[in-house]
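Take a look at the structures listed below.
The two complexes that follow have chain A in common; it is paired with chain B in the first and with chain C in the second.
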Partner chain A sequence: MKYIPTIGIECHVQLCTKTKLFSEVDNDARGKEPNSCVSPVDYALPGMLPRLNGEAIRLAILAGRAMNCEINNNSRFDRKHYFYPDSPKGYQITQYYAPIIGSGYVELPSGTRIKIEHAHLEGDAGKLTHFDSYSLVDLNRVDTPLIEIVSMPDIHSAKDAHDYCKELWRLMRYAGVTYGDLYNGNMRFDVNTSVAPEDSKKLGTRTEVKNLNSFRSVERAVEYEIARQTKLLEAGEKVIQETRGWSDATGKTTGQRSKEEAKDYRYMPEPDLPPIHLTEEFVEAESSKLPMMPADYRTKFGGIIANDTMEVLLDYPELMFKLNEIDEKNVKSISNLFASVLLAEEKSAEYLNDLPSAKQLNDLAQMNEKKELSSTAAKEVFLRLFDPQMRGKDTRSIAKELGLIQENDLDALGAIVDTVLAKPETKKAQDDFRAGEEKVIGFLVGQVMKESHGKANPSAVQEILRKKLA
Partner chain B sequence: MKIADKKTTATELVKTALKKAKEYADYNIFTFIDEDGALKRAAEIDAAIARGEKVGKLAGVPYALKDNFLSPRGETTASAHILQGFKSPITATAVAKLEAEGAIMIGRTNLDAFAHGSSTENSYFGPTHNAVDFERVAGGSSGGSAVAVALDIVEFATGTDTGGSIRQPASFNGVYGLKPTYGCISRYGVVAMASSTDCIGFFSKTPEDMDLLMSIASGQDPKDMTTLPDYYSEAPRGSLSKLRIGVIKEFDNESVDADIRKALKEKCETLKKKGYEIVELEMPALKYALAAYYIIVPAEVASNLSRYDGVRYGFRSKESENLNDLYLNTRSEGFMPENKRRIMIGNFVLSSGFYDAYFLKAAKARTLIVQEYEKAFLKCDFILTPVSPNPAFKLGEKVNDPVAMYLEDLMSVSLNLAGVPGLAIPAGKTNSGLPVGLQLVGPRRSDKKLIEFSKELI
Partner chain C sequence: MKVDESTVKHLADLSDFRLNSDEAKRLGGDLENIIKYISQLDELDTSDVEPTYQVFEMENVWRNDEILPQDANCEDLLNLTVETIDNQIKVPKVL
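Coming up: the complex of A and B.
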């Protein structure tokens, strides 16, 4: 019998607001002392009340729109209760009954659409580090704003699960709502997988693998679960509904024994925060700030940039934003420089934060187009555009300074060719060429290049030589 | 309350207050007396006056602070064991506003732990005694504050009212007590009981003092998103003539103490003589108030008390083997029985499978109650009702009967569910000499007019 896998994914995205979701302390705790970005509100002193950060609402609207989702004009917060030291209030403030982001979809590069059930705003929890006989609590991450994106059980392969997570990652970064640093947990994925016989109308029993933080581990965990569950069903056994842990090292999921049965979070409307009412105008005004998304670039540059180059470049919103800034006729050559030169550089991550101006790139492309720069020279000038010493200068000055501009003036080139042909040491080569020995033309071009100190355009030189030796 | 006439000094006022506080020590009014701090502050104010500097509207006025307001002065305990040792780095917005006007806190007052109760008998520090009859309860939960004002120790005291915790002790001790419109005064820095019904208010000896306190403490606070835009001082006074006063038919029955019913009738007669119209109201939805209240409030209580876990501050049970024990032991030892009762009820009504049947139903009943008040205020301007069905009861009389204790809140809780203001006013005494209080209820944002009108009932 054939089994069809069904996968649903919940994704937590940390929003890059300046301050936390419910207090005015710094939300960016990267590289900071533990418990240094904590206000009395986050610490849950008695009598402290949450104050909603409007920036988080704006980012949620952008995130929602990036996924083609409805934005709900009315939403509100709820409390989700549980006891653990990472939750100082004893509850998480989330949106259980009325989330801000409604249904929508994410389109994968393959064209497959994955439906979004909803997405909601909530505060993150703190972090515990466990030692032999004690644990340490760091509350810096408490109430960092998150959106939790809940997909429909719409995914049917490990590859699509991978592509969906990656596309979400791209969308969130294009929308500018997160730093998107997977290594540091800016985006985390919980994956629900089940398998059912092909002709079955009901979904199989699902398992949940929590807290995956790379696309590769999502793909591998799903592959493993599909195989494991299929094997169980084929052997006539049952899949147990449970949370399973994934290990990158072993490439396996293992059942996580939890002592308690199903948790009861005792959801309750958050009485300290009034409901959120967003006017149509506000939602529209905020939505209009959404830049072009990957799908838009695929449409716009589909005929210009090769598919595989496109999928590489799409991982870098900075590059796509830049390509969108330059003249369309230059997109092809600049996209090639981005893909083959910039991304190959060791310092590429650093370079991405400080790209050359659109004018610098347009000039570069045009100089290359007009053969003022050879392809090799263009690459060299391109890299020099990132050089702190050269940054402010225009492309032509840099090329000049480096002596990389090719001589295209036919009269000037003709004069140089004449000088070379007048030299006795080229006499034999000239005779050989006239006698039909094609390959010596290379030697003669080389001599002209040498005479021009490398500035001559070799193809133009060859043309002149052929005429003069005819 | 002003001392600007220079007939006295802040130091004199504070010394007198401190002396009285000591004289009445056996009433168990205070959980903390800040003798040094209060005298130091008084000396500063006297020096400022001597230098001819402008001082605040409450300069040198001694007051008592209910012990659930956060302030760095003394421990903030909410009369709860679990908060023992907690010194707040934060000052509540209301406290900051009073002190900016020169009010001097002489001490923190006793309450039912976390304001759970109607008699101040649920305090970790023991009960406070009634100002008029030592054998009787002070009422609650703001019992200490009410008695401190009734015994004339201080000029005013702060309170919190979640279901009657200001109005009922005010009426049990014969002083004014105001529960303002929900959202009128910031809750920031006040130990939360039930967020959607908690109101900050005051005990005073006169309506004039109450008005002054409200003009100072009210107002929108960015730290409390549930506060209303400023309205108190801007509220149009409006004419007091031709006002219609409603009385609730359902509250006029045998279960209400005869002397209290008599007091209500007498006040109605007085008003009629002054030319006011008395309107009889039927408010059937109010019969759901107590049940709805004892679902919604425990739910919020259970949630708000989750933060007391012994991990970050306050009391922590010793020698727990693991995390779960730490939670269990700390909360078992740290909470009073009434706290636990409400935590259990609250978690029950929120638990999955019961939410719709209890919490959601109660929320719907609450909407009916809000609408009932809106309808009532189409027919009248204010409503006059008893605060509680009975005057102050004996200490220990209802401690072991929680339901009887909850029934004491019958007439006060609907205001909190509706968010409307209520002012408890002294209305004479029972035959046996116990204070009787009545409450004036107005529509939302009518606080100032309500206080103004109460002068007609003196």
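Coming up: the complex of A and C.
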């Protein structure tokens, strides 16, 4: 019997606001001491009031629009109660009944659309580190703003699960709502997987693998779960509904000790935070700040940039934003330099933060186009545009300084060719060529290149030689 | 509504309270009385009334995204805890 997998994914995205969701302390704890980015609100001291960060609402609108979602005019916060040392309040402030982001969809590179059920704002929890006989608590991450994106159970393969997570990561970075640093947990994925016989109308029993932080882990965990569940069903056994942990090292999921009963979060409206009411005008004004998204670039540059190069470049919003700034006729050559030269550089991550200006890149592409720069020279000049000593200069000055500009002036080249042909040591080659020995043209071109100190355009030289020796 | 000992125990578990049997029985009685008192509201017909989520009639109380000095610093807050190790708060083993 054939079994069809069904997958739904919840994704937590940390928003890159300056301050936390409910207090005016630094939201960026990277490289800072534990418990240094905290306020009395994060400690949940009695009487402390949460104060909602308006920027989180703006970013939520952008994130929602990036996923083609409705933005709900009315939303509000609720308390989700649980007792654990990572949450001094004893509850998480989230949006359970009326989330800010409604339904929408994410389109994968393959064209498949994955429906979004909703997405909501909430505060993150603190970080626990476990030791043999105790645990340590760092509250720097408490109430970092998150949006939790809930997909419909709309995904039917491990590959699509991977592509969906990756596309979400791209969308959130293009929209500028997160740093998108997966290694540091800026985006985390919980994956629900079930399998059911092909002819079944009902979905199978699902398992949830929590806290995955790479696309590859998502893909492998889903592959593993599909195989494991299919094997159980084929053997006439049952899948147990449970949370399972994933290990990258073993490539397996394992059942985690399940609580005896379903969690009882006792949701209630958050009385300390008045509801959010967004007017159509406000939503439209904020939405209009959304830049072009990956799908827009696929449409705009689809005929210019090859598909596989495009999918590589789309991982770097900085590069696509830059391609959008330069003249369209130069997009093909500059996109090739980005993909084959820039991304191959050891320092590429650094380079991305400080790209050359659109004018520098346009000039470079045009000089290459007009054969003033050979392809090899264009690559060299391109890399010099990132050189701290050179980067302030215009492309032509850099090329000149490096002596890389090719001589294309036909009169000037003609004069050099004449000088070479007048030399006695080229006499024999000239005679041989006239006698039909094609390949000596290479020797003659080489002599001209030498005479020009490497600056002549070899194809132009060859053309002139052929005319003069005809 | 009857609040039996197992319901009280369940609520205590969710909040990580330890209660002995006498306390659980007494609290069960207290909770029953509280619920009975509040249940008087059930006598009202609210079928045509919009639910109320807050009573201040405020909305959109937002602040700017600016880092501001706080009334208590890291040290003040860590001093409120029982024990710390390298600026982290030490708690009993939870896993």
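Simple rule for what comes next: the second predicted complex is superposed on the first by the 468 of 470 C-alpha atoms of A that agree within 3 Å, B and C clash if a C-alpha of one lies under 4 Å from a C-alpha of the other, contacts with A are read in each partner's own complex, and residues count from 1 in each chain.
By definition in this document, contacts are C-beta pairs under 8 Å (C-beta built on N, C-alpha and C of every residue); 3 or more make two chains touch, one makes a residue touch a chain.
Because the structure is predicted, anything quoted here is derived from the model rather than measured.
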{"item": "Touched partner set for A:P271, first chain B, second chain C, both or neither", "value": "both"}
{"item": "Partner chain in contact with A:N73 - chain B first, chain C second, else both or neither", "value": "neither"}
{"item": "Touched chain A residues, chain B compared with chain C", "value": "C"}
{"item": "Contacts of A:R51 with chain B and chain C, given as first, second, both or neither", "value": "both"}
{"item": "Partner chain(s) touched by A:K18 [first = chain B, second = chain C, both, neither]", "value": "second"}
{"item": "First (chain B), second (chain C), both or neither touched by A:P40", "value": "both"}
{"item": "First, second, both or neither for A:Y134, with chain B first and chain C second", "value": "second"}
{"item": "First (chain B), second (chain C), both or neither touched by A:P85", "value": "both"}
{"item": "Common interface positions of chain A, toward chain B and toward chain C", "value": "40, 43, 45, 51-52, 81, 83, 85, 90, 137, 264, 266, 269, 271, 273-274"}
{"item": "Residues of chain B that touch chain A when the two form their complex", "value": "68-70, 76, 78, 83, 86, 88-90, 92, 187-192, 194-196, 222-226, 299-300, 302-303, 305-309, 311-313, 323, 327, 347, 350-352, 355, 359, 363"}
{"item": "List of chain A residues in touch with chain B within their complex", "value": "40, 43-52, 79, 81, 83, 85, 88-91, 137, 264-269, 271-274"}
{"item": "Chain A-facing residues of chain C, complex", "value": "10, 14-16, 53-54, 56, 58-68, 70-72, 74, 77-78, 80, 85-95"}
{"item": "Complex interface listing, chain A residues touching chain C", "value": "17-19, 23-26, 33-36, 38-40, 43, 45, 51-57, 76, 81-85, 90, 128-139, 264, 266, 269, 271, 273-277"}
